[in-house]
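Down below are the structures I want you to see.
Next, two complexes with subunit A in common: one pairs it with subunit B, the other with subunit C.
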Partner chain A sequence: MNIGTRKILDRSFTAVGIGSIIVMALALMIVVVPIVYNGIGAVFFTGTVEHRKMLQAEFSRGDSQYLSSEVASSNRYRAKVYEMLTGFEAELETMAPEKKAEYQAKYSQVRTALQALLGPLPGDPEPMLTRFKYGQTRWEKAEEKLHDLLYESKWDNTNPDVMGKEYFVNRAIGFEGTSLSRLFPYINENLEKMLLPEFTLYWGFITDSSVDSHFFGGIWPEIQGTFFLAIGAMLFAFPLGVVAAVYFTEYARPGFLNSMLRSANSTLAGVPSIVFGMFGLAFFINTMKVSESKSVIAGALTLAIMILPTIIRASEEAILAVPKTYREASLSLGSTKWNTIATVILPAALPGILTGGVISLGRAAGETAPIIFTAAVSVGSAIGLADVFSSPTPALSWNIYNLASEHEAATQIRHVQYGMVLALVTIVLLLNLSAIVLRARISKKLKG
Partner chain B sequence: MAEESVGERNRSNAFVVSARKRTLQKVAKTAGEGMLFSVAFLVAVIVLFIFYFVARDAIPFFQIRGFSEFFTSSNWYPADEPGEFGALAIIYGSLMVTLGSAMIAVPMGVAAAICLSDILPFSIRQYAKPVIEMLAAIPSVAFGFFALVVLAPLMQDHGGPLLMWAWWILVSPFLLLAVIVIADLLTANIKEEKRRQRRHWMLLIFLGLFSMILMFKVGFVLNGIQILTGTNALNVSLILSFMALPTIVSVSEDALQAVGRDIREGSYALGATRAETIIKTILPAASSGILAAVILGIMRALGETMVVWMASGNSSHIPQPWFNYLEAIRTLTATIAGDMGEADQVTGSARFHVLFAMGLLLLIISFISNLVSERIVVRQRKILSGQ
Partner chain C sequence: MLMITDVRNTSESVPVPKTTREIYLPPQRSTITGGGAAHIAAREFSVYYGDFEAVKRVSADILSKYVTAIIGPSGCGKSTFLRAINRMNDLIPGCHTTGSLLFDGEDIYGKYTDEVLLRKKVGMVFQKPNPFPKSIFDNIAYGPRLHGVNDKKKLMEIVERSLRKAAIWDEVCDRLDKNALGLSGGQQQRLCVARTLAVEPEVLLLDEPTSALDPKATAKIEDLIQELRGSYTIMIVTHNMQQASRVSDSTMFFYEGILVEHAPTAQLFVNPKDPMTEDYITGRFS
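And now, the complex of A and B:
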């Protein structure tokens, strides 16, 4: 090969390496940016008067006087809509039967769309579920619902070779010549006056419990459950992990037993997380009966086993990183080995050990598979500290899965799901970031 | 022991320790060490317990249904009466996404590791490492949510164009490189400089045109593909590869760092470029460590639950044709997670035990690959220290 080609190859080799790091950073961005962007939307958004009605009724929050004046002004514009509806209903009665049947079907679609937009219409029975008591609480959702009201979505399946294509038909055309045709332009023009969108800062998303399976309200039970599980796991795993690390670094003599223990440790680190969940179910719940069925304590124990090897490894590294001179100085002053470990080595290694602990805490908070069978429940309120031995808890990680994949209206509450993901990612990344900062400071300090 | 005897001789010394106190100290020391040891031993006990308790609930399945159905049939109807428990398609799905993620993550991860250990200056490396750690720290359920809510609709709506652009962006630089190298290699033997140059240019133009046509043809074929479901094996493989990357990068970087400076400098001294040094000397020296990294990364992908559960489509069948990554699949982990709630625990049915059989399979695979990777690392350390 000639020199030029070799040079090109060398450069492109470098480019591939740098490129793959850039791709990794991009991947991180691509995953994190939509989560952050949409997740922030759960707290900061353009809320409608329906949102404020909901807050007043469910959490008795907000200025009730101001709200009633708002409701009055929005009702002024809504009244005209209701008027048109009653007018059209009267018109329906006068129509020929087959024509009436045709319009009736279309009209009931319009009513459903209006209910979704504005809440229950006059004459509707009081809805059973809270989610139907209010119209759209978020302006961007209201705009989607407005589109649903103005246009009927249909599927074009004429070509069997390709997937059906969605297209929209203007509903107003369907009501041409009736009194209802005025409704569509009216709503299109006056929706803002009916819903009164306003920039909203809803901190309650973090501190409230959910209303009607996360249609409204916040995610506090999940956040609290996550903290209970993660901290519970740390309470078990951290002391055990540090003690085991002290044994491995200070006392273990090379030999069969030691290498076996180390193998066991790395095996434990490699066990798939779902298997921990099965083990937690089979051992802690079905055999040890630490609780009747799922409970926080069973989940915390399972998570503790999962993070134990990480803590052991991190603590070992931290202890080994303590300079030899510390140890020698302490021993030369006449202190025993035990004393040296307790008063010199562990304090010096403590920041490093804490770093490992913080990272493990993040891992315990984010892991889902081990708690599916042992601790997680999809709906529920925040539990008290006394209940951790008997009752399961909702947790961020599990509820993200549950809301995104199993909730009956998963696509309608995307903002809640994004908010949860952002909360979880923030918790985990903040923990990791603090660990990174901590570690950078230690390495500076140990270098002197 | 020598210090003790000195202490015994100088009884008049101020540091006198009575015999009783010394025995007490000894007992305390032994007890303390014993306690430390028992805590360390707890890890081994936990591992044994995990094997025992998973196997205990897995064995009844094989007693009831035997081995052959589980491994050879792909009829998975656990809810029927009597149920069918053929897990072949599920095992295949697991292997498929694992292999798919490895195909993306291994080249990228090794390249990134090389870049981190040999190419980038130290100051940049300091910023790259936290990025990788962050990638490792993001909870799997967040990745799963991203796959399900962002990536899957994107694939379903714009699958063809996405594939086309991915092909063009990823493959065109490599194709260009291949053209240059092939043209160079084919003309290297021609002695006469002028003729060689002419040949070289002709080959470059010819191969360049050929590869252009290839690129566009394949790109347009990809553009025509319609992805019927966004929750498919490709989606999962992509996300799993991101999750396996941090492990692969950090472990292989350690392996590359373990190869000493002297080997690198020797290669440079012989006139090799950096790429040649890395490919011909450093990678072979670090190969076993990199293999261990790859095994660990693959295990992360195989054992991952949430992403595959949310974004693989959970359909238990072997794709047609077998390498079709655009079809929905189902994996072992997702089956365990999804079916445990419905499986009847109380009566101890085959439906419950089959999930533990799957868990046992995962456990055994992870155990073996862990042992293998550990052996490899130990051997590499020995070889490198011996040199």
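And now, the complex of A and C:
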């Protein structure tokens, strides 16, 4: 091959390499940027006075004196709204029956929209669910609800051949000529004064329990559950995996049984995680009865079985990568095999073993399927360490799925879903980062 | 007294090993016969890798406190023979031996031989320096710690003594806590000698200890062997005939697994008996 072609070949490899890195980086950006942007929005956002009321009532947090002055100022502007409502209700009574019925229906829609925006109205019974006790806590949500109040959403289904189309009708027009028509411009102008939006830093999102299935509050139970499950899984899988790897690399005689065990291990590494979930339910809960029903321990054991093959493989590779000369040096000094493994081989293999371990930890933290049947509940409070043998726990991975698909008001709490995703991504990323740092530090120590 | 035989865990009575004298001495091409003074004695000793006989029916006496050089072309079985003496070949699957190899009159491959005890007595330094990825101190203290010395002061004594014996103390005494992999190749090799000496072996096996070193470091290792001469039974495999003639008392010449000639060094290099030896030492083949 002449030098010209060789150079062109080298250059094209470089170009393709750099190109693929750029494509990967772009793909990563497209995935990560919205997660980070929206996830951070769960902690930093423009909060309303309703958020501060909620914090005071549910978590006794915040300056209660300042809050009551805020509430007073907000109520001054709300009072006018309430006045208009009572005025219109009186007006309704004077109307002709069929006109009254028509307005009544529209009016009750307005009331519902107002309740969503500002919280319970005077004369409403005390709501049972916490979610109805407050108006909008986040300003961007409040603006959406304001739109709902000002405009009625309707669907145009006149053409059966195409999908129905949404269009909006100004509610104010529906109340033309009544006293209520003043309400809409008033609220539009004074919403800020009624809700007092303010930049909010809500760290409690990370450390608080959720209130009323994630309508308010934080995701601490999920974070804690994820840690319990992942660390629990490691407690079982890591020692077992390392011992198994030592057996495979140092003690097992080559033969039928050994190759069977090895291929079984490789196969296990490729089994879909949902299968491990079913196995965990069938074996740990139904057969072994490690717990009455779902529990942290059952989930941790299931995750442990799932990550065990990875840990074994990583450890095996790390052990096999230890130079033969270390082993020879140790044995030639009159060391026993076991001593050689414990004092020379394993320390030298430690960076690789730990990397495998931490990556498995990340995987255990992120997996959903194995814990669906064995450990996860959608909503719950943080459990104590003593309860791991009997209690299930919420966990990030499962609750991300659950909140996005099964929650009764999934669209209302997008920020919580994104917050959870960001928390999970951060945890896994930090674990992997710590693996890299750990590996570098130990390798540096070994290399001198 | 039995040195390398594990007599603790056997219910059967351990057969008393035959001494070199009692063993049938087949004709050997060796002018060196130590009789009772042989530290290591091979009789019709063969080493196989699977079916391949890498060392063929070797009979020889390695005398106590002698420096014995092993020379021969590449692949002739020098390392195999050397590694057979402290049973490092046990690590190689399919490797087995026939005949007998005695250490102080005890069978190295005996049924009750404890290879760990044997290796304590028979230390080895390898071709490529192989310090552990630990501090210099921990490298030297590794063996003594294994064998039950844990007292910090005593360990320090052993470390200093071993490093002095290996003529490297002055170079490393101010950085004992530094990683041994930071030393130069020659220093690493002397460190490995010191590490072996720290276990207080009787025999020192050196497998081409200078082939990975530059001439200066090589000279230092050779000086070191001169220093240790007379205190240990030393066997050194070497490619370098000048080195063999400089450092050894007796020399073994191997060719294709056969011990062709074993004689006092001066005699073997000046007046070889076997024409093959002559061809080799005069450089007609290598």
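Keep this in mind: the second predicted complex is superposed on the first by the 410 of 448 C-alpha atoms of A that agree within 3 Å, B and C clash if a C-alpha of one lies under 4 Å from a C-alpha of the other, contacts with A are read in each partner's own complex, and residues count from 1 in each chain.
By our rule, a residue touches a chain if its C-beta (ideal position, glycine included) is under 8 Å from a C-beta of that chain, and two chains touch if they have at least 3 such contacts.
This one's a predicted model, so the numbers in the text were calculated from it and none came from an experiment.
By the document's definition of touching, of the two partners only subunit C reaches A:445; subunit B does not.
In the overlay built on the shared chain, the residue A:345 is in contact with neither subunit B nor subunit C.
Once chain A of one complex is fitted onto chain A of the other, the partner contacts of A:328 are limited to subunit C, with no touch recorded for subunit B. With both complexes placed on chain A, subunit A has more residues touched by B than by the other of subunit B and subunit C. In the superposed model, A:9 lies in contact with subunit B only, and not with subunit C.
Once the two complexes are overlaid on the shared chain, A:424 sits against subunit B while remaining clear of subunit C.
Across the interface of their complex, subunit B is touched by residues 1-2, 5-10, 12-21, 23-25, 27-28, 31-32, 34-35, 162-163, 240, 243-244, 246-248, 251-252, 260-261, 263-279, 281-283, 286-287, 305, 308-309, 312, 338, 359, 362-363, 365-369, 372-373, 397-398, 400-401, 404-405, 414, 417, 421, 424-425, 428-429, 431-432, 436 of subunit A.
Residues of subunit B that touch subunit A in their complex: 29, 32-33, 35-37, 39-44, 46-47, 49-50, 53-54, 56-57, 107-109, 111-112, 114-116, 119-120, 128, 130-135, 137-146, 148-150, 173, 177, 180-181, 184-185, 188, 226, 228, 242, 245, 249, 273-276, 278-279, 296, 299, 302-306, 309-310, 333, 336-337, 340-341, 345, 355-356, 359, 362-363, 366-367, 369-371, 374. Of all the residues in subunit A, the ones that touch subunit C in their complex are 254, 323, 325-336, 339, 343-344, 347-348, 445-448. For subunit C in complex with subunit A, the touching residues are 86, 88, 91, 93, 116-117, 119-120, 123-124, 126, 128, 130-133, 142-143, 146-147, 178-182, 192, 195-196, 199.
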